[in-house]
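Take this structure first; my questions come after.
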Amino acid sequence: MTDSDVARIGVLTVSDRASQGIYEDRGGPAIREYFANVLTSPWEDVSRIEPDVQSGLEAAIKEMVDEQGCCLVITTGGTGPAPRDVTPEATEAVCDKLMPGFGELMRTVSLRAVPTAILSRQTAGIRGGALIVNLPGQPKAIGECMDAVMPAIPYCIDLIGGPFITTDSSKIAVFRPKKK
Amino acid sequence: MTDSDVARIGVLTVSDRASQGIYEDRGGPAIREYFANVLTSPWEDVSRIEPDVQSGLEAAIKEMVDEQGCCLVITTGGTGPAPRDVTPEATEAVCDKLMPGFGELMRTVSLRAVPTAILSRQTAGIRGGALIVNLPGQPKAIGECMDAVMPAIPYCIDLIGGPFITTDSSKIAVFRPKKK
Amino acid sequence: MTDSDVARIGVLTVSDRASQGIYEDRGGPAIREYFANVLTSPWEDVSRIEPDVQSGLEAAIKEMVDEQGCCLVITTGGTGPAPRDVTPEATEAVCDKLMPGFGELMRTVSLRAVPTAILSRQTAGIRGGALIVNLPGQPKAIGECMDAVMPAIPYCIDLIGGPFITTDSSKIAVFRPKKK
């Protein structure tokens, strides 16, 4: 196994208050705990906490993908309607392709819990060899959103040339279509 | 209670024929009746009827938000595939942020009634301190779409700095997450 | 019946390998077979096989609509996250209006079969008097996606000035709202 077999996963917490230390980051730890629990292939995280500033978020995602070699970047926070919520805009700006199915499915799943799920503007996209996925900021929404999209993520990363990711199928069964 | 506590709601009927008086506006009255029935906090409408011309629709939404101080603008009509249907384009052009969850949910709900619901291109977005939501033109679709999105609208308006809107919970139960 | 009553349907297979003859086109035949099975009004196909090159796909769609007079163009393939998948980008580039409800519904339906359905970026839109719809490349997904959107397609084509399309209602019941 070479270093390139280790999946590097970016975890980007987007929060003015958490970035200033006023508020404890709970989204980042929830995401790392999720992967620690479900992944069986080797991985390591590249974690950052940034304020709700579009240019800074774009720079953070670019650094994670282009410099740190992440094949997956999960953001948490900054997806609502408030003036400072700009995570989706930053994501769209740095992605080559958008993946509308991720946001659609995560909103559908979150709607079963709260009607305000439609206020989340979370999206996903591809930058080079990395998949970027926005999650809501609420820690309790992170697990339900990840459970919804995780079955499709390893195959997506296969298709963009990343490492082969496996999971504990008793927790999350990933799906890969049979080769034609 | 100051004037700023009164929620001003823009109601924009988009129809070539209704704007010329050839056709009675039925969408605008249906929207006003909806709010009269469910809202318990003070409100007043700012109503306009405009033809299907993108520049005129953009001007009407801007006037309602920037001059009239509306915190919510509901449009009806002009969301289909026909050449003159340009309400979503006008909405996107004047909004700072788009809210894709509104259109997704309204189409999902309308699909239970008619398969042609996928032809509606209705969207929503934020302009300054106002939420703009496109509804279909058919009066009977207005109630089902409003019932779907109304539970999330007051909290959305809280997040963008607008007045505190309340409803008769026996008709529509609005949802506000508990403060962290 | 004049020639203009014959619905011309573009069938665009998007595949590097099929366009070079390395791989048999299975998507194009599946689409033609679908229409042969459900349509009862006169139609004829205009079929092309193109590699995954955005400029070539844009040219093919334009030729089908602007030169060949197609009222409907169905593409198959090129909607995934891989670097060469550019069918949605080509579609957006040549369309006057986008129809987000088509992609949303097709992903929802495909999700019942496979969790990787969220990786399909398929969209739809209007160019002049034609509806363009992206389908996935997998032949088995073509029938389920067409069954989902076909009930709304004839009315959509009515709204953009195309021929009156009818189907065998024992196979697919199309829906047209009653005139107001």
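Observations
Lettered A, B and C in written order, each chain numbered from 1.
Convention: contacts are C-beta pairs under 8 Å (C-beta built on N, C-alpha and C of every residue); 3 or more make two chains touch, one makes a residue touch a chain.
Everything quoted here is computed from the prediction, not taken from an experiment.
Superposing the C-alpha atoms of chain A onto those of chain B requires a rotation of 120 degrees, given to the nearest 5. Under half of the residue numbers found at the chain A and chain C interface occur in both copies, marking it as a different-residue contact.
Separating the centre of chain A from that of chain C, both taken as means of CA atoms, is a distance of 31 Å. Among the residues of chain C, those in touch with two or more other chains are 100, 104, 108.
Of all residues in chain C, those touching chain A in their complex are 80-83, 85, 88-89, 100, 103-104, 107-108, 111, 114-121, 123, 138.
Of all residues in chain C, only 96-102, 104-105, 108, 126, 131, 149, 151-152, 155-156, 159-160, 175-177 touch chain B in the complex they form.
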